[in-house]
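Several structures are given next for inspection.
You will see chain A twice below: alongside chain B first, and alongside chain C after that.
So, the complex of A and B:
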């Protein structure tokens, strides 16, 4: 709970500092970005464990959620509460349709397939430019919060993003301590053996995939309302995937708490690099991260886990 | 004794290679049946087909009178079929207790099964194979003998009626092998399972099995009591070659 307290205090502190030093308010955008990166990486951990495969295209579902929210908000003036339902529904439908991928393909083929879909979606936004507005993207999405005060708006967004992230974190923690986690872990370790001892592997994969896709789509919904615009060119290319991938790997693959550490680390590292190196930051950013990955193969959370038991699933509470 | 498993004319091809060719066999409840044959005879392929890991090209498999030829492995497990592997395949990242708990939770359906119940039951199977002290150790950190014990516990926790034990002696020293034989015998007594024991070591099957089936090049060449089979010229030829 102390860590949750810190996460709540940080945006408040930044907000208060901004009264003395106004530029500090920009730090809130980094906090929001960090929360959202973690909120994408946490469901991705669920997807990775339940399918036993690494999905390289979670941004596809950000696109689904973002475009669903933006299109409904702009063309039909649907309020944000309902666009969230639509975005989540989009995530459920597309997640369910895509989930058999985790059954019929594995290894490199699965990685390539998942990598391909966001790029195909991006192409589709150019082809159907009347609908998706291609390069420029959709603008004029209704904001989630409108207080009339920029700083207060940012603070509200920081807390909404934090709420989304914490809800995901606690929901996943609950799942990972339940009986369902144990079958997901079995599927992740050896799906053929899991199948032979009574685990319906295909069902586990499809449910895990669909839930994760839905949660990521909701993050897309938030992006659309937060920026009041949504463009596939920002979220669908490989550069955004690289950021998510780094959050996952640096935090520690399949470590939900590591995702939070990874999210904050990447968001603030990106900011520091842009400030210090300017145009060179897009090149330096992946290089620094690759070096960090070499030094910390189990991620930042791995440093903590090295002192503890090397079990990647949260230690089961039942001891008889 | 009632017939528990009936395999009729099953065939499996891998490209141009016929791994199992028209094999038929039946196993009665409570029996210990040995399945033997030289390397590449098709023993593991046959077990893979019965457990559902490989689809059958032709033929029929019945378990307790029900046609299970097209059923997926997890459904066969729930009916009461389980197996161990020739090369141990534990869940490397799970503790031994968690590994067995998966079987207790998702094996044969039990009414009102909770996570806590499954954990308690899992400890019982771990005690049986002598791994209770290592319940919190990751499966990948176990010795080969312990991994085989874990596989047996994991299979028993599904509450099977028929268990396939695939070359349990491979890689074990004589003391461990003796322990393994006793463990399987005791599993049969305590849990009332029927055993199909795939083995290279003839001496073991001579002692433990009531009936032995011999495969060679994917075909059944002999079946009967161990002593009779051991003296069968075709079996001797398949193992030692023609003089």
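So, the complex of A and C:
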């Protein structure tokens, strides 16, 4: 609980410091970004463990949620509360439709196909540019919060994003401590053995996939209302996927608490690099992440794990 | 109607052969090393920008053919060295942690892309004059660049040489054996690590050849690799990862789809979408791809 307290106090502290030093308020944008990255990585951990495969296109569902919210808000003036329902519904539908992919395709085929879907979606936004405004992005989405004060708005967004992340975190914690998690772990370790001991492998995969897709789509909804715009160019390319992956990997290979550490680490490292190195930061950022990936194969959570050993560490497989 | 058939046939041949060149390396790495080479895109970017870098070092504009050739040789040396470094530093060391290999390769591609963008921004106007045959040819109602025809023929020749290598040489036999079973190959005395490294370097050849062949006729920029890698993924998945026969057939199928959509229906924006739909349908019917086998031949 002390860590949750820190996460709540940090935005408040930044808000208060901004009264003395106004530029400090920009730190809240990093806090929001960190919360959202963690909120994407946490469901991705569920998807990875329950399917026993690595999805290379989680940003596809950000696109689904974001575009559903943006289109409904711009064209039909649907309030944010309802656009969230629509985004989640979009996540459920597409997640459910896509989930058999985790059953049909195995190994590299699954990785390759999931990698292609966001790129295809991005291409579709250019093809149907009248609808998605592929070149410029959709703008004019209703804001989630409108207090009339920029700093207060940012603080509100920081707390909403934190709430989303914490809800995901504790929900996943509950799931991972349940009997259902044992089934997921069995699927992750060996599908055939899991099947032989009575685990309905296909059901576990489909449920895990669909839940994760829905949760990621809700993050897409938040992005659309937070920026009051949504563009596939930002969220659908590989570079964004890489950021999510680094949150997962640097945090601690699908460890949900590690995702929070990873999210904050990546978001703030990016900011510091931009400040310190300017236009060299796009080159240096991946170099530093690559070094960290090689130096910390179990991520930052692995350092904690060395002190307090945890029995189960899911395996990330690609060749199966 | 006859014109449409003619256009389809010609562009299927041209694009299919080019896609074969682009996909051969990716398919082989997936099939033999069983590694999802997400950094494959870096080879395209590195080919162009390393060559350009060496050209600016060794000469001044307008660059002579000699400077270009020297720059290409230097680029080849750097690319080979980089491939060996990647293999020894990343792949061998983290063979049991696939996620690290995949992300590491992806980072590498992004580092190369961003470095190219930083040092040679798009407005620099990077252009490689690697045209072998100038001019255009008219076949029936279709007019195509001679360089594109050259690239297509090069694709067939290189694919043919690859097939001959795998079928007729001892080393090729070792590669085929590894693609069947790594552990048994090791028992038979094949030095698997060396063969892996050889394949990793060998796969550079078709990609570099394709990039240099199309450099003067198609747009080049630091992001160019991702598009070609997407095509390589589609072809490899459709053909069956690692299988050359499957890759050949799949290249021409994707070439056919692209030529019909792009040149017969004049809807180039739908080319990628159409190819992906074909791949998805094929995967539902045959989940392991056309070749139905993850072996080289």
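Assume the second predicted complex is superposed on the first by the 310 of 320 C-alpha atoms of A that agree within 3 Å, B and C clash if a C-alpha of one lies under 4 Å from a C-alpha of the other, contacts with A are read in each partner's own complex, and residues count from 1 in each chain.
Please note the rule applied: contacts are C-beta pairs under 8 Å (C-beta built on N, C-alpha and C of every residue); 3 or more make two chains touch, one makes a residue touch a chain.
Since we're looking at a predicted model, the values are computed, not measured.
Undergrad: Taking the superposition on A as described, I'd like to know which of chain B and chain C A:85 touches: first, second, both or neither.
TA: It touches nothing on chain B or chain C.
Undergrad: Quick one: is A:111 in contact with chain B, with chain C, with both, or with neither? Answer first, second, both or neither.
TA: In the superposed model, A:111 contacts chain C only, not chain B.
Undergrad: Looking at chain A, which partner touches more of its residues: chain C or chain B?
TA: Of chain B and chain C, C contacts more residues of chain A.
Undergrad: Mind working out whether A:271 is in touch with chain B, chain C, both or neither, as first, second, both or neither?
TA: Once the two structures are laid over each other on A, A:271 reaches no partner at all.
Undergrad: Check the residue A:282 against both partner chains and state whether it touches chain B (first), chain C (second), both, or neither.
TA: second
Undergrad: Which chain A residues contact chain B in one complex and chain C in the other?
TA: The overlap between the chain B and chain C interfaces on chain A comprises residues 316, 318-319.
Undergrad: Going by the contact rule set out above, which residues of chain B touch chain A in the complex?
TA: 51-53, 72-74, 77-78, 82-83, 85, 89, 91-95, 97-99, 101-103, 105-108, 114-116, 118-120, 123, 136, 138, 154-155, 157-158
Undergrad: Going by the contact rule at the top, pick out the chain A residues touching chain C in the complex.
TA: Within the complex, chain A contacts chain C at residues 54, 104-106, 108-109, 111-113, 115-116, 119-120, 123-124, 126-127, 238-239, 242, 245-246, 249, 253, 279-280, 282-283, 286-287, 289-290, 293-294, 297, 316-319.
Undergrad: Tell me, which parts of chain A touch chain B in their complex?
TA: 178-179, 182-183, 185-186, 188-190, 192-201, 309-313, 316, 318-320
Undergrad: Could you please specify the touching residues of chain C with respect to chain A in the complex?
TA: 30, 34, 36, 38, 90, 94, 97-100, 102-104, 106-108, 110-111, 114-115, 117-118, 226, 230, 233-234, 236-237, 241, 269-270, 272-273, 276, 280, 283-284, 287-289
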